[in-house]
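Two complexes are shown next, each including chain A; its partner changes from chain B in the first to chain C in the second.
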Partner chain A sequence: MTVRIRFFARFRELLGTDIIVDAPKGKVLSDLVKDVASKNKEGYDAIFDEKGTFREFVILMQNGKRVETTAAAMTRVADGDEIAVFPPVAGG
Partner chain B sequence: MMLFGDVGQERLKKANIFIAGAGGLGSPVSIYLAVAGVGTLTVVDKDIVELTNLNRQILHYDRDIGRKKTASAEEKLRAINPDVIVKVIDTTIEESNGSQLVGRADGIVDAMDNYPTRYLLNDIALEKKIPLFHGAIRGFYGQATTIIPGKTACLRCIFPSAPPKEVFPVVGVTPGFIGMIQVNEVLKYLLGTGDLLANRLLIWDGMTAHAEEIAVVKNPACISCGAGHTSKNAPAVKAKNVPERKKK
Partner chain C sequence: MIAIQKEDIDIGKLINEAKKRGTGAIVVFDGIVRDDDIREMELEAYEEVAVPELEKIASEAKKTYNLLSVDIIHRIGSLAVGENILVIVVGAGHRKEAYEGSRFIIEAIKAGVPIWKKELRKDGDCWVPGEHQHGCGHKS
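Right, the complex of A and B next:
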């Protein structure tokens, strides 16, 4: 199945955006983001801590609905899903 | 103004808006609030104008380099609209002075560049029951939402943890874009019209010219507005002059 991942702000600079992933059925959201982020260590480290847990400030969305990062390991993705991963921006 | 009518314009004239910051967001926000005729603008900033500010901080000119941002802002805003009362305060917004600085403002515009002060403004808005018009930018990216105490998710519900501090470039149009959204929200709120960005986080990606919004909800355990709230910032002071929103 095909899932689209969009990164924003700093995550986008490190990992790109609009990444189409061919994911196996039953894939959970956290693993999907990890797989894609693993392609760039700096990008991975920006999103995950040393234990592989989402950093506290990371915001995840599945098809426009927020998914708490703590629930991402239990959230399955489906064909055609659009996943957004972004940090809050801070400047003013 | 035909769009608001005399009654609307009078509402704007009676309003007092607190603008936290006279930088990238604070510049377009204060200029457009001034030309809209919002009667009292209080602008707080502690910084001095630097050359690197000038690509986006359109309140300040080349000749202002080395000058206090508050002095520069006061001069420009008074020249733009002499009928507006402009109060500038050259200080850092801190826990010890924040509530007093905001005073009896009808709303707070978040034009800050850091989350600790944003969380403080969020707490003050909750305490005084006045809206917080949030905006933040980075490079070509921006975000905005409107927080109405008691009705919407607060800033901490949406962002429980601050992102790490970083130094990043900003293209001037990004704060212009996000600042306009904030001003648009302030005007709708004061006029009691339209639909606010309430419980909606707008995300702007200037690189793709793509805006999207995320529905956000109150966090029942929020440490600022939910069950995790401590007595430290408990007193709920009802601000005066808060216009009632029109019922639909």
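Right, the complex of A and C next:
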């Protein structure tokens, strides 16, 4: 199945954006982001701590809806999903 | 009007269009690129989520503060010192609702709308950290 991952702000600079991933059925959100982030150590370290846990400030969205990082290991992705990964917002 | 755009904002036009028969007060918030020893500022947004979020904030503000009109226009792209970043135009029957509604909108935007700012500084670039100290420099 095909899933689109979009990184923003600092994460985008380190990992790119609009990444299309061919993921196996049943893949969970945390593993998907880990796989993609692993391509760049600095990018991985910006998102995950030394234990491989999402850093507390990381925000995840699945199809525009927020997913708590603590729930990402139990959240399956589906074909056609758009996953967004970004640091805290700073508009205004 | 709710929008995220690269182009500058015609504030005078927004004020004129906000005037309705019952309007007694219009409050304009204009967020500007401040000269914090920066060359310029770059802004990016997750537009597919940010625009609906702005619409939701506007709708909530209208309902809560009995506003007659709300315009929110946030810019993205490269902005120089002194340029407009964000313009909020709020119209209401009275000043109290207009001021309170405007304040509610700006705080809600800062708290949750997926937009980011990067300062291109003379001593190195840095992402404005927002409410969390994940980047460098000062809070937005």
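Rule of thumb we're sticking to: the second predicted complex is superposed on the first by the 88 of 92 C-alpha atoms of A that agree within 3 Å, B and C clash if a C-alpha of one lies under 4 Å from a C-alpha of the other, contacts with A are read in each partner's own complex, and residues count from 1 in each chain.
Definition applied: a contact is a pair of C-beta atoms (placed from the backbone, for glycine too) under 8 Å apart; a residue touches a chain by one contact, two chains touch by 3 or more.
Computed from a predicted model, the values in this text were never measured in an experiment.
Chemist: Between chain B and chain C, whom does A:10 touch in the aligned arrangement: first, second, both, or neither?
Modeler: In the superposed model, A:10 contacts both chain B and chain C.
Chemist: Could you look at A:73 and tell me whether it touches chain B, chain C, both or neither (first, second, both, neither)?
Modeler: Neither chain B nor chain C is touched by A:73.
Chemist: Given the touch rule stated above, what does A:1 touch, chain B (first), chain C (second), both, or neither?
Modeler: After superposition on chain A, A:1 lies in contact with neither partner.
Chemist: Determine, under the contact definition given at the top, whether A:86 touches first (chain B), second (chain C), both, or neither.
Modeler: A:86: touches chain B and chain C.
Chemist: Identify the partner contact of A:28: answer first if only chain B is touched, second if only chain C is, both if each is, neither if none is.
Modeler: Touch status of A:28: no partner.
Chemist: Thinking of the overlay built on chain A, is A:19 touched by chain B (first), by chain C (second), by both, or by neither?
Modeler: In the superposed model, A:19 contacts neither chain B nor chain C.
Chemist: Based on the superposed arrangement, let me know which partner A:57 touches: chain B (first), chain C (second), both, or neither?
Modeler: Touch partners of A:57: chain B and chain C.
Chemist: Considering each complex separately, which residues of chain A are in contact with chain B in the first and with chain C in the second?
Modeler: Common interface on chain A, chain B vs chain C: 8-10, 12, 55, 57, 59, 61, 64, 84, 86-92.
Chemist: Where on chain A is chain B touching in the complex?
Modeler: 8-10, 12-13, 17, 55-57, 59, 61, 64-66, 84, 86-92
Chemist: Can you tell me which positions in chain B touch chain A when the two form their complex?
Modeler: So the residues of chain B in touch with chain A come to 21, 23-26, 110-115, 135-139, 141-143, 158-166, 168, 170, 175, 203, 205, 207-208, 212, 214-217.
Chemist: Would you mind writing out the residues of chain C in touch with chain A in their complex?
Modeler: 31, 43-46, 48-50, 52, 74, 85-86, 106, 109-118, 127-132, 134-135, 140
Chemist: Could you list, by residue number, the parts of chain A that touch chain C in their complex?
Modeler: So the residues of chain A touching chain C come out as 6, 8-10, 12, 55, 57, 59, 61, 64, 84, 86-92.
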